[in-house]
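What follows is a set of structures to go through.
Next, two complexes with subunit A in common: one pairs it with subunit B, the other with subunit C.
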Partner chain A sequence: MSRRFRQHPAWVPYFWAGPFLLVFAVFLAYPMLLSVKMAFHQNAGPRVAEYVGTQNFSWMMGDPLFWTAVRNTAVFAAASVFIQLPASLGLALLLNRPQLRARGFWRAIFFAPVLVGLPFVAILAGLVFEKNTGLLNVALHEFTSLEVTLPRKIGGQTLGVPFTFDIEFPWLQSYVMPTLIISAFWMYVGFNMVYFLAALQNVDKSQLEAAEIDGANAWHRFVNVTLPAIRPVASFVVLLSLIGSFQLFELPYLLLQETAGPNNQGLTLVMYLYQQGFDRGDLGYASAVGWVLAIVLFGFAIAQQVYGRLRGADL
Partner chain B sequence: MNTRARLTDAFLYAALAVFAVVTLVPFAYLLFSAFKSQESFFSFALWPTDGAWWQVDWGGFTVKHFRTLFVDAGVARATANSFFLASVTAVLATLCSAMCGYALAKYRFAGRGVLLWLVLGSLAVPAALLIAPGYQVAYWLGLLDSYAGLILPAMAPAFGVYLFRQAFISSMPDEMIEAARVDGCGEVRLFFTIALPMVRPMVGAFLLITYLATWNNFISPQIILQSQEMLPLSVFVAQLRGPYGTEYGLIMAGTLVAVAPVLVLFLLLQRDFIAGLTAGAVKG
Partner chain C sequence: MASHAFIHWVRGLGLGIGPGVIALLAVVSTAAVLAWPRPERGGLEFWTFAPHHTRMYEPVIESWNQKAGSDHPDRQRVSLSTLSTGALAQRAQAGFWAQTPTADLIEVEQPMIGRFVAGPIDEVGFHDLTDRLREEGIDQRLNPASFAPWTSRGRVFGLPHDVHPVLLCYRADLVEAAGIDVDAIETWDDFERLMRPLIADLDGDGKNDRYLLGLWYTSLDDLQVLLLQAGGGTFDAEGGSLIASEANARVIARVVTWCLGPGRIAIDAPEFSPSGNQLKLEGRVVAALMPDWLAGVWINALPGLSGKLKLMPIPAWEPGGRRTSVRGGTMLAIPRTTRDFDAAWAFAKELYLSPDLARELFVTNHIISPIMDLWDEPYYAERSAYFSGQRSGLAYIEQALNVPPRSSSPFHQTAMQRILDTTARLHAYAQDNGVHDDQALLPEARRLLAQTEARVLEEMQRNVFIAGGWRR
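Let's turn to the complex of A and B:
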């Protein structure tokens, strides 16, 4: 080889990494370290801070509102993982049928809601779920309202008594959590479907055929061939879904007109953090809440890694 | 085709059709509500009719919500703000992370291992953890109520660095860089004219991810901005519910103004959208 190798000046890589590093240091690394310190302080706005030791954490553990937020967030996350993700997988299995025509068309339709964006989905849902004029209750009313005449014995005589049968839910008054779950389902089911659809391309078709020849029914083929092949992607999607669900904020906050809803039905952990940090102005306490949330999420990430290792999957 | 296959087919298309209708009805509701007068909003769930559903009452439609939005409420300014914030953030964040990803992929330098470790480590930091300390830092730096307070923190997405590092490693051979250097190409020109075009799909995907994430970001502008005229659409439309609380048509018209550009773009660039957004795995 007669090629003369030219080296670059030593500063070049630092020049490329410099802008990122600078912004990273000021707006990520420093705030993160700062939040450790802030978690042990009590603030009155950004100007006044007082050291309080571990009081923020002990107060949090004794605050029923905190536990309401934990419970709501956990319920929402469970619904994402156990209701929404299986539906996404089901949809992906339908779209993966070899005989399906216009696959791109269906995929585009199911994917579209995620583009609306959380704040606008929340505002839209606020109207769709409105008790009297909302689309959902109007539709339920259309399909379920029945006027029936029930026979009833009154004073020895059988008379017809008119009775109106009607299903109408005060969604935003008494069914906040179902409202949130349905809205998020609408928004994300097609988005997560795309991951599963990509993962299904890893399923070995000849293995499926072999299993069919050996007499395995559809369910057994799914559990023994398809599921193991998509497991790495599935566990990644579960983790993403948990991380997203545990940071739920905009959807309930905007759906419920910047409140936590009746009886704090829509209070989530990040909304609790927001209320403490910005409505009450205690940024220190908000940092403490942030750390509790972060530790839970680190726990999920570690669990997913451990699970991957145990399964021998490379993630 | 045997009967069983036919039945499976029928079931497949029926299931997809039902799902598609459920997915699309809220879009239709949004569209119709934005163009309906207050009276027809309360009388009809979707389109206004004279009797049967196919007898559309065209008189029930109106554009007056849009007139109110643009003339009285100042939605044009909010739209311009959103375009500005999303474009500037997308370009700067993409450039910053492409540059750093390039350094990590194609150079050997002291501190490279630490930098890579920092990037991967910060992928695990949840955004919510930075809300309170981020506000404190913005206050100290005098960035409250300024666009810099929104753009600067969004300029260094660790996730972008990771994606670009992968892209440079997998789609740009080292020999190419050496050849360019032998030909006397400077380092800066090398990056912009040779390296960056080689990862064009990732550039497109990441621009899109960041653009959409900024367009749909609510919490940062809600916390950082105070001046009414600086608000992007996300906060602006949410605030319409104050002065125009029961004018549902107007609120839907505002939502439509915010959502329509993204949806139109999606119809044009469908495949890139789906690949880009799921490559990015950015949720919410």
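Let's turn to the complex of A and C:
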């Protein structure tokens, strides 16, 4: 095999890489370089531009909407890392147990939402979280209408007070971020589970057995053997999840019907960029936002690398 | 033999068989794509965003196309395409940006227009029709307010399709059964006071299910209707800001109190949604703000309400005040990249000024034509079975000239969105502090709107192309 490759003329690699390099140069490298220039201009479409120096960046830093977008995106990213990923790991641990029956079936079930696609998840979530007729509100309302009581202190005594879930609970009006987090959780928990499952299957069984013989309980085995073994994959999944979260756009855009929701509760950084660039035509400002976003993501990647090296994890 | 020759040849190139086949396929497919005959673009291309417009226009276009050619050499054949609203806006914008041909005629919906007029006036992608309209007297034939959304810095960029006055549609069966006399309703205060008995707990769970108004503080369209009716909105005709106006403060404070607390009268029953339609069919919405086009939507989508509804002028904000408003709108514009402006203009007039189309517009979609000299046509005076035998066309025409003016500022949509966000913040404030009275909410409404106005004005000042506001 290697001899055959050595026989190839020198131009062959360039021949095969050529189409990609051409596409890369035209559709990625050139636009990226151009966007650096545009970030210092104000635009009305791509052809009408005026140099504004660093004004785009200073306006961005003073724009409350930008900071709303940053906050919303950060909350979503934090939920992805601290809620979604532990749940994915938990699921992976459960589905990695040899004694579990029909493991393949359960794995497919949990992975299935990824196959649905984000636009459909947004449409489904709209039906689920709608008030008055949404599946979730109706179900909770019906269920609590049966005989649910909540403890409440009345006159020094704790009494059971009937509780009925409000069928008008405003998920999409007042609880936009929790709604987005739940929807993304449903979609991505199975996806991340697959990474963890793959990592768990590579954990050295003999180390686990040795730990068990040495008297380590399940928790200690997990913390001291499993977790270090899957750390490289876990850090990769964390980075992937962070990048994905900072690129969040379609889910809120479609779920909130092409808006950022009441009082911009669903405004994300990419949506902010889209609004500025495509709704208003200021591609210069959108480029500036894009570069800030790219720097943030680059920062995450660097931090993850540094952390990995400090922990001795070799990716 | 040929295969052997090919294998020999690719080996000679230093490629393996697999890569050789891939390279060959790439070359052949590229050649096929380049050689594929491209259909010649002939005649005029026309894009619309509404399938019901398509259905209306097809007969007109068919008749136009039959006459095009030998009988009328000045006429060009027209081909109509229906695109989704988003796709149409994106394609048109991309074409304007790249200066590549789009269509020869494009129907534009009101919320889209801001993006097309956001830059310098001579960079707008549509032909300026102002002088043509004036020279041909068309501006005198059409309802003046209908031009407002399509006018930027004094220049008109499209032929208006409609007027879209708004009335209040109410459940006559429920209102009349309760013995309520709607003629006694002149203001929103009257409406709340007289209609309140209709708020009801229908399923006996201790919580009201039926409310007086299908409207919510998160709906930009409904809020805009009320702001315009009250004399507020975003910008006045001279471009001055109305964002922090007293009218806006009063309206948003009132709308918030309609949606929470003991004074609540509204229910969130969005249009074009199964949930909203279900609420309407179940009788949980007593009244709704209804532009003429929405009446057409209800007639087609909610036939179960036929004979149960009536229309009345919107209650005013004060005695003697305006009893209508406006919502939505469409224009027909001609992009600068059209290959034949005169042919496109001829067709645009034929289509939009056609009495037959005006009739069709009303009969199939309940839309009032902006052509004022057609308002005496008998079809507008026919009784509508859907609206309990009312002359619904006349009801809209009676209010057509009272439709409030709308801003055509490139910043209108941004400003309106900010007012909506402000209303959401006021709602949160009312909820957190238990303030359920609109008078008590007014100071906070004024404060929040003043903040919003300052920010919008800053954004406008930042725009180097229209610096100092769009007045220049």
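The criterion applied here is as follows: the second predicted complex is superposed on the first by the 282 of 315 C-alpha atoms of A that agree within 3 Å, B and C clash if a C-alpha of one lies under 4 Å from a C-alpha of the other, contacts with A are read in each partner's own complex, and residues count from 1 in each chain.
Just so it is clear, a residue touches a chain if its C-beta (ideal position, glycine included) is under 8 Å from a C-beta of that chain, and two chains touch if they have at least 3 such contacts.
Computed from a predicted structure; not experimentally measured.
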| item | value |
| --- | --- |
| Simultaneous placement of subunit C and subunit B on subunit A, clash or fit | clash |
| First, second, both or neither for A:Ala234, with subunit B first and subunit C second | neither |
| Subunit B versus subunit C as contact partner of A:Thr133, first or second or both or neither | both |
| Partner, of subunit C and subunit B, that touches more residues belonging to subunit A | B |
| Touched partner set for A:Ala77, first subunit B, second subunit C, both or neither | neither |
| Which of subunit B and subunit C A:Pro113 touches, first, second, both or neither | first |
| Touched partner set for A:Trp16, first subunit B, second subunit C, both or neither | both |
| Subunit B versus subunit C as contact partner of A:His8, first or second or both or neither | both |
| Subunit B versus subunit C as contact partner of A:Asn264, first or second or both or neither | second |
| Subunit B versus subunit C as contact partner of A:Leu273, first or second or both or neither | first |
| Partner chain in contact with A:Leu91 - subunit B first, subunit C second, else both or neither | first |
| When the two complexes are fitted on chain A, the stretch of subunit B hitting subunit C, from 79-87, 187-195, 205-213 or 259-267 | 187-195 |
| Doubly contacted residues of subunit A, that is, touched by subunit B and again by subunit C | 4, 8-9, 12, 15-16, 19, 46, 130, 133, 258, 278 |
| Partner subunit A, residues of subunit C touching it in the complex | 13-16, 19, 23, 26, 86, 90, 93, 96-99, 114-115, 118-120, 123, 205-207, 216-218, 220, 267-269, 273-275, 278-279, 413-414, 417, 420-421, 424-425, 427-428, 455, 462-465 |
| Partner subunit B, residues of subunit A touching it in the complex | 3-6, 8-10, 12-17, 19-21, 23-24, 26-32, 34-35, 38, 46, 91, 94-95, 97, 99-100, 104, 106-120, 123-124, 126-128, 130, 133, 135, 138-139, 142, 186, 188, 190-191, 194-195, 198, 240-241, 243-244, 246-247, 249-250, 254, 257-258, 269-270, 273-274, 277-278, 283-284, 286-287, 290-291, 293-294, 297-298, 301 |
| List of subunit B residues in touch with subunit A within their complex | 5, 9, 12, 15-16, 19-20, 22-27, 29-30, 33, 41-42, 45-46, 95-97, 99-100, 102-104, 107, 109, 112, 115, 118, 122, 124-137, 139-141, 152-153, 155-156, 158, 161, 178, 181-182, 187, 191, 212, 215-216, 218-219, 223, 234-235, 237-238, 241, 248, 251-252, 255, 258-259, 262-263, 266, 270-271, 273-274, 277-278, 281, 283-284 |
| Interfacial residue positions of subunit A with respect to subunit C in the complex | 4, 7-9, 12, 15-16, 19, 42, 44-48, 50, 52, 55, 59, 64, 130-134, 145, 164, 166-168, 173-174, 258-259, 262-264, 278-281 |
